[in-house]
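For clarity, chains are labelled A, B and C in written order, and residue numbers in each chain start from 1.
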């Protein structure tokens, strides 16, 4: 296969699509991470395990119990929301109440511990077998010169829908406004009667639910197994940084971009190169646009 | 008797209490001003009243209800609003959203929220004009107006103001004090902590002077004003 | 250190080292040193000796990790990759260029120092999440390079490494665990002494300032970049030396995640935190505790990592000072 064949527009478009599908996963994950980070400054390393748990929930609901996959996504969102709330209440909140500025590093290390615990508990409970489905949705659709599986279209469509819903939620609902207010000035929010502790807990749950949805949605591509979340969390953290910390739309755009870059590098080079390229990209962005690719204003820096 | 404080002792650590047995009363419908040198514990006192910091001893009552074990988020429900020091608008939210958050505790009582908006927009037509703008792009004076307007959204009884004129241009300082005078006419009970002794004196009904966490002088304005130069000289 | 000795050490001109050496403390130090030196010797058990070697080795890695995270607040999430770089440097230098493993230790130190310096350069003003992510990528890139150049490193097949050649008539053939153990103690003593002196110097002060408040530190005219570079470079150098020992002692290296990836980094991080960050010596004690425990319960499998993670969470929540928090009761 010569290089000229590789550069066929159809193939390039095909890879692009593949990258966008992966990118939508990173974007969903990065949304949750960025939301949590923007609000409370916590860098949640166990976010990938929320993704993993979402995939398992999907597997048990949609494959094991043979329920429609929409139910699986709903169940993943609900289970992970509750799980996220519990994690925040029992673990993070304890650190948050601690005075002093280094609780954030402590929280980061704590989530690393949580990552290891969840990964290995999953291994002990479910084994290392990959549990997935060949596809959630069958069939193909012809778009111009290329054929696209309906599954991919579903993933792209569902991701777009969820991100839009999240945007509307943050913009217009009471809780959404409380989240934004608390993110901008927690002390002032408190004087207005907003229970900021509840806002933090709720947001953490919301972020976890987004990761769970991503895990459920992509089970056709990433079957559930204990360490499935690690790669996505690394990429979505990179997306959060590239997008500008706490900038949710920026994180979404960067997530898509990273997915596309990953698809092209894996196709043309060995897969390990994506780490090198992503790292290089971050270095360049940090030198030339220190507040993120998509942030113009001065954002927060750790 | 609106807000009564008796023998309040509090601090960030047990060993070093910043407030050591403060007594203070902010009477209904009057402007009470707390002045004192740096480190007197003026702002700390407001934080204790509002529940950010717990008093290790003493009692705080608002209309006879004890506030000692209340959290900041519950204070508006008790009818106390608090203007924290420095900027406190949500800069990336619109003026309207800021005011809406001021009415947070009204929950989904649309009628009450609508009438609060009507009232505030009537009093502050400037804010109505700019209601769709982001609060962060308003001028410093307008932001302060927004903060004060936001305080009154739920019709509280008592206002705690921490350094309301700090960081503003001299011209704007006057506007802020005119505004506070206007609030007084509306029969709010007002407790102000201020560095700007002269300005605060003009609107005060009753004055407390704190020094190193203790009551040092107090009295109605007529008593304190003639002695103020001497009192300030003591600080140095 | 009690408040009293602290005051005393400040009031007298004697070095703090000496003023801390009360008679009782000298006895305790002697007991610990004695146990360290003689237990493997008298136990006459290869098992005990290998456990001691693992404990000291990982205790040292954790202490060096502490120099970065506990003193300067720098989180290196690709640390295991740095260990890989050091281990492979010494092993490959011998394999391809016939460099003596003794020189290889130093070479590994210098290669790691260079890597640490470069990492410091690219992550110049970063900390927290940025630094964790950058170092992760660098660590993974090292591991990826090793597994993707099988012609040089034998990749995933695993690389067998020569033992140390005899020196001064001491036999270092494989299986002579006791001599390896004493070699490690010598290396460890040098490293711990160096680090202890370092953190008590003005460098240590600058590191701590860096950890507490980057902006405030800069406003005092202390170059955060400079001290971050110094910290990272020195820590990497020391890592390289221990990693070189690791390679020649173990005799086989393979770039798996368990050995040189994130799980390994988390293990070391846990040892550091359990020992008590910002204490250096705590890491050595927790190395014995955790590695000993782990060797004893080999059958634990995945539970072992669950335990490590849970322990890390526990320490963050309830025992921020780790084992060092117990010091006042026993020391």
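Criterion: contacts are C-beta pairs under 8 Å (C-beta built on N, C-alpha and C of every residue); 3 or more make two chains touch, one makes a residue touch a chain.
Note that the structure is predicted; figures quoted are calculated from it, not measured.
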Open item on the list: Give me the step distance from chain B to chain C, shortest route via touching chains only.
Closed with: 2
- [ ] Could you name the chain whose Cα mean is nearest to the mean of all protein Cα atoms here?
- [x] A
- [ ] Have a look at A-C versus A-B and report the one with more C-beta pairs in contact.
- [x] A-C
Task: Euclidean distance of C-alpha centroids - chain B vs chain C, Å - done: 54
Task: Whole-Å gap separating chain A and chain B, where each centre is the average of the chain's CA atoms - done: 43
Open item on the list: On a C-alpha centroid basis, what's the spacing between chain A and chain C, in Å?
Closed with: 33
Open item on the list: Under the definition above, what is the set of chain A residues touching chain C in their complex?
Closed with: 37, 43, 91, 94-95, 101-102, 104-110, 112-121, 123-124, 230, 234, 237-238, 240-241, 245, 270, 272-273, 275-276, 278-279, 282-283, 286, 302
Open item on the list: Can you tell me which positions in chain C touch chain A when the two form their complex?
Closed with: 73, 75, 122, 126-130, 132-134, 136-138, 140-141, 144-145, 147-148, 211-213, 262-263, 266, 269-270, 273, 302-303, 305-306, 308-313, 316-317, 320
Task: Touch list for chain A against partner chain B, complex - done: 174, 177-178, 180-181, 184-185, 187-196
Task: Contacting residues of chain B [partner chain A, same complex] - done: 50, 72-77, 81-84, 87-93, 97, 100-102, 104-105, 107-108, 150, 154
